[in-house]
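Okay, got some structures for you below.
Same chain, two partners: subunit A is paired with subunit B first, then with subunit C.
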Partner chain A sequence: MGRWEYFLKRVLLMVPIVFLGTTVTFLILRVGPIDPAAAIIGPSGDTEAYAAIRDSLGLDQPLWIQYAEFMRDLLTLQLGESWVVVRGQSVWELVGVYGPRTLWLGFWSILIPIFVGLPLGFYAGLNPNTLADYIASFGGIVWRAMPNFWLAVIFVSVLTQSDALFGFSWGDWLVETQIVTPPDLSGLWEPTQFLGALKAILPAALVLGSASMGNEMRIGRTAVLETKNANYVEMAKAKGVPGRLVVWKHMFRNALIPLVPVITGEAFLLLGGSVLVETVFAINGLGYLFFQATINGDVPLVGSLMFLFILLSVGINILQDFLYTVIDPRVGYDGGA
Partner chain B sequence: MGADTDVGSGSTRTGEFREEASRPEGDRDLPLSERITRNPGPAATWAAVVAVLIAAEFGAIVSGLLSVPPWGWVGGLVPGVVEPVAALLATVAERGAELPTITSRSVIDNTGYQTPSGWEGTTLGLSPAVAWALRVAVIYTYSFTWLLVGWWGYTLYRRHYRIPDWTPRDDVVNRFRRHSWGLFGLTIVFAFVVMALFAPVLGPTTVDQNIENPYENRIDYYNDETGQVESIFVGEANGDTQSRGQGDNNVGPLEYDQYDRFHPFGTLPDGKDLFTFMASGARVSLLVGLTSLGIAGGFAMVFAMLTAYYKGLVDLGVVIAGDSIQAMPQLLFIILASFVLSDTWIAEVYNGGLVLAILFGITGWPALWRAVRGPALQVSEREWIDAAKSYGQRPRVTMQKHMLPYVVGYFLIYASLSLGGVIIGIAGLSFLGLGIEAPVPEWGRAVSAGQPYVATQSWHISLIPGILVVIIVTGFNALGDGVRDAIDPESDIGDGGNENVAAGGGA
Partner chain C sequence: MSRHARDDNVPLNADATSSRDLALEVENLRTVFHTEHEQIHAVDGISFNIRRGETVGLVGESGSGKSVTARSILGLIESPGEIDPASAIRFEGDNITEYTESEYESIRGDGIAMVFQDPLSTLNPVYTVGNQIKEALSLHQDLRGTAATERAIELLEEVGIPDAARRVTEYPHQFSGGMRQRAVIAMALACAPEVLICDEPTTALDVTIQAQIIDLLMDIQAERDLSILFITHDMGVIAEVADRVNVMYAGEIVESAPVEPLFAEPKHPYTRGLLRSIPSTQTSGDRLETIKGEVPTPNEPASSCRFAPRCPKSFEECSEVAPIPTAVGDDPDHDAACLLYPESMTTDEAVAHHRPADDGGEQ
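Let's look at the complex of A and B:
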């Protein structure tokens, strides 16, 4: 099977996945015991208004009609309006407000671990079985085992009181920022604004990236150890290629392939795990919005957000397959899916 | 599956067992019971030791086994027939709990008060701290004795009763025994399991007295001002032993409060004992984690067998089903589903634990299935599967006898990794106030309760639960690594895509 043919097959496979995932969401929301009309009307319990709302929402129609409308609206990207959280606000507008914060958080929590984890791993691999290697490796293992929400709690407490604890005020350092607040993402092209937004998101990004930082360190270490004695590296050294170049040109590339699933996996964790980190740091991103929509019984918002999450993860999967197809020439030859 | 497939049961003794002693040639075809009758010595010694160990804890074992099912709920399902039986079993469980055991709270009692002449009420007049530490030491000694006796039984079986001198599993076990990182993991995991099993006796006080019904229980204490022994409701005492960061409001780790109660981990913001809370929370986490793993593992193994055996469309179907589930972020899906189910009867079972277990199971199987799919496909291409097919063996039997044993080891690796993830996930949900209902201890809730006090003198409330989670998850990861290296020393599985199994959906 050709590589691109294989890739195309993977993409086609995503169609039933989106369909099935959305169907499951519908079943949970509409067939489950949740009552959206009661959530809208609140605890006052006016029967007439309740019936009117049920009627206007089409909740008394046969289930299959509701299902058809639900799927039609989502697949044509008509995400509807929020009923409870911000009543009457369209979901697209809400995503426009909350989405960028999550994207900003996600971008840095993928980037920072790569630039910290990989070099540390390379260093550990180049000096195997030394004290530094043990410290780095063990640190990576422990760092990876830390629950994100707990780490976030610790970060928030220590940073908000850094002045009293260390005599160093994180909030006033470089640019003045709040610690528990959504980052201000306006005017990112101005250096101070950019720095402020970056600094505001940094602790949260470190927490959310903690798992993959450990993984990336391990991958970097393994890649160096595997290639250190490979013929082509010996050859390059014998040719007189400088050490730094050997590392970056010959070893770094080998670390790339196992890095792909870690990065895409990280993106998955981001979608799910951002709830807790966003709640602790009060970032008010998509995860936080989803959580609020759920506990308030905001059915259309929950459904639309879940649909967007499904689209996103399917998109990440396609991106992963695309990267594999480009980077790894072995993909698709022996039929391994 | 017998002891042969029990690859994780390695322990710390040294020595090889290849040189075989008393295994006469004539025993080759006898069943195990016959082999034991012919050479009863080792088995009898072992059984005697086991009997002593069981006798030491008889009451606790009976009540422990019988009190796991929720009898009230089971009885309610079929009122006529099952109810009396369920009620009877519940009574037996309660009676069993009253039998004295070496780890009973009453045997080494750490509750008492200090009068000017010394400690009253505690065993031998020890200080509560010493009495408590002693009981913990007895519990852990007892448990680790079981571990050693189990290993000893396996070696006896291997030396005296097993027919073949050597099986490939021996190599796996030997490799694990030399894997110090894996043994470290096993020790941590075992200690955690013991903590969960013995939760009611490990704490310096009980969940019922201290956490769930503090205003139905009284304790005695010595009042310095009046010089009298007085009694007070636990709830009122808790009100005076809060840990809230400021001023005198703090009872830290390894401290006594003013009612002479010892708190190994300090107290919660509402004055309850953190250690008791944690031990009981360990039980909840482990129970939910194992149940969810059972559900996910069941799906994963059945699907792995089916997809490896039939391939083609079946494989494609499971790929689509699995990917659809994984396309929904696990934690968000669980938040949504547990909220939707929160008012139904199923949310009542185990205070919401069952719902969590089912949800983690349903969302967890695709990852486990992916992990064992490769090995299952590999084994399905071996000659012996072809042979079994051409002899007309039924597919089910082929899968069970010839494919499953090969895959079980790989399953254990990921089971170990993902259990840590589930524990983090449950803690994350209860941190948000979802999942396990409020008075029942869950670790995430302690982190949440201590959140405002992290940078104060009451740091222990949030930090200790988090550190315990880190240790336990590291333990599960180490155990997984050890099992992996033992089963397949040359493999590179676990690097890359499946690493995130251990991350609990990002919690």
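Let's look at the complex of A and C:
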């Protein structure tokens, strides 16, 4: 089986997964304790109005018909309207407003660890048991150990009082930004706007990416240490490959293999992990929207967002398989010679 | 600085073989590994040389220091290991132990190349075999692009890989073990070396493939006038390939001789033991003879014969005097480091001969 055949097979496997995930979502929403009609009408509603709403929403129909409609709508990407949180607003519009903030946050919280954690880890692995290695490793453990919600609160309180604490105002530095507010994502192609949006998201992205940074540092270090002692590295040296080329060509690509699932695993931060951080920094993103929809029993909004989350996680999985396929030629190889 | 500094392989025929005929000369090589508790003298003052076009064998059990010797020659010893500054490895007129890392890089590959023990792990799994051969070609032959690909295919054909044009684009995991070792040899040849170090090149392969690889190496040597240092623990392989043999034990060379006298009249009790433990040389008896015990870890400078605890012929002085290489037998190249020799002396005289100079025992 070729590498790309294997990749195609992995992609096809995702179809039943999307189907299964959506079905489970439906079951939890409809068979579970949430009563959407009661959620819409609120605690004061009378029985007649309640019955009318049930009727108009089609909640009296047999479950399998509801299921078929639910699946049909989602798979044709008709995500419907919110019933409770912003009544009557289409889900697509809501995603259009809340989504970019989460994507912006997620993007930086993945990128920062890759560009800080990985190089630090690789450096530590190339220079093991030196002072720099100890500092990096210790830092990695500290970053890894600080919980998101706690770190977020500390960041917010330090940054809002940075003027009093350090005589340096974070809010006024470079571009004027608020600390606890959704970032302004309009006009990102303009340097000042971009800088402002980046600066506004930076503390939250650092907090969200802190654990990943520690993870990637530590696993990057181990991966480099492992390939450093590999026989093919010694072979490369023995045939006269210069030291720098040995590191870049022969070590790093092999060291990346165990890091692929770590990095894509961090990408799931886009989903669940961001709710807490979004709440603390008041970045009204998808996590916040999902949380609101859930506690308010906004069934179509929850269902549609879940569907998008499922698509996203499946997409990340496909990306992971793609990276594997590109980096490691042994992927999809099932023995024999 | 040490008695072992005396090179015992060369002097007797120094006139016959001028140093220009020597491809590689190792003199009093000591490689020490510093650990927290002790120093491991993995290679402890060995001397040998390789003449041009010759195959020199280095035999010994696991842990006797063979591979460390190979890596010392190529400058691949890393901290906590260290080559003693008094050691000398002469290649093309230079003492390469004094080389910096970048000077070493210039002789690795096109000066001295190496074939490693385990072909399954010496090829980088994420690059094609062709890519790795072409890397060597671009480093040492200045060949790139199509010319390099063509040369890589030629080399693969030369080492007996069928359908080389297709194989060159395949990854190591698509090769069988024997094929991989051929590919590794092709890679070493791509460097066009003067000296080829083969570190147990056949140990990880099954017997029929072993024979093929050895034949291949011998053919290549004849074609290219290569000098080969062949490291193995297999006396059978050594008998087949080597012109001269050095037997290593616990970091020291205990016996060195041309291959015929070594097999016909082994002098050192250790060599005798090794030869007796080859299955095919034993015609009688129902159990294979073995040398009992295992190689000790040389964690202090030699002050006695390191083989004495396992030696069937050891006597009291063996634990007090470290033997030095001494001419034995009829062949001028035949040396053994054992208190039993020289045979012409009585035991007391022989022991005195081996005793350090300040004890008055040196010749």
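Throughout what follows, the second predicted complex is superposed on the first by the 301 of 337 C-alpha atoms of A that agree within 3 Å, B and C clash if a C-alpha of one lies under 4 Å from a C-alpha of the other, contacts with A are read in each partner's own complex, and residues count from 1 in each chain.
Assume contacts are C-beta pairs under 8 Å (C-beta built on N, C-alpha and C of every residue); 3 or more make two chains touch, one makes a residue touch a chain.
Bear in mind the structure is a predicted one, so any value in this text is a computation, not a measurement.
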| item | value |
| --- | --- |
| Subunit B versus subunit C as contact partner of A:Gly117, first or second or both or neither | neither |
| Touched subunit A residues, subunit B compared with subunit C | B |
| First (subunit B), second (subunit C), both or neither touched by A:Gly209 | neither |
| Subunit B versus subunit C as contact partner of A:Lys237, first or second or both or neither | second |
| Touching partner for A:Gly140 - first (subunit B), second (subunit C), both, neither | neither |
| Touched partner set for A:Ile327, first subunit B, second subunit C, both or neither | second |
| Which superposed partner A:Ser313 touches (first subunit B, second subunit C, both, neither) | first |
| Touching partner for A:Gly125 - first (subunit B), second (subunit C), both, neither | neither |
| Partner chain(s) touched by A:Pro36 [first = subunit B, second = subunit C, both, neither] | neither |
| Intersection of the subunit A residues that touch subunit B with those that touch subunit C | 337 |
| Interfacial residue positions of subunit A with respect to subunit B in the complex | 13-14, 16-18, 20-21, 24-25, 28-29, 32-34, 141-142, 144-151, 153-154, 156-158, 160-161, 164-165, 208, 211, 215, 218-219, 222, 258, 261-262, 265-266, 268-276, 279, 287, 290-291, 294-295, 302, 306, 309-310, 313-314, 317, 337 |
| Complex contacts: residues of subunit B adjacent to subunit A | 319-321, 323-333, 335-337, 339-341, 343-344, 420, 424, 427-428, 431-432, 444, 447, 451, 454-455, 462-463, 465-466, 469-470, 473-474, 477-478, 492, 495-497, 499-500, 502-507 |
| Sites on subunit A touched by subunit C in the complex | 230-232, 234-243, 249-250, 253-254, 257, 327-330, 333, 337 |
| Residue ranges of subunit C in contact with subunit A within the complex | 71, 74, 76, 101-102, 105-110, 113-114, 116, 118, 121-128, 135-136, 139-140, 171, 173-176, 179, 184, 187-188, 190-191 |
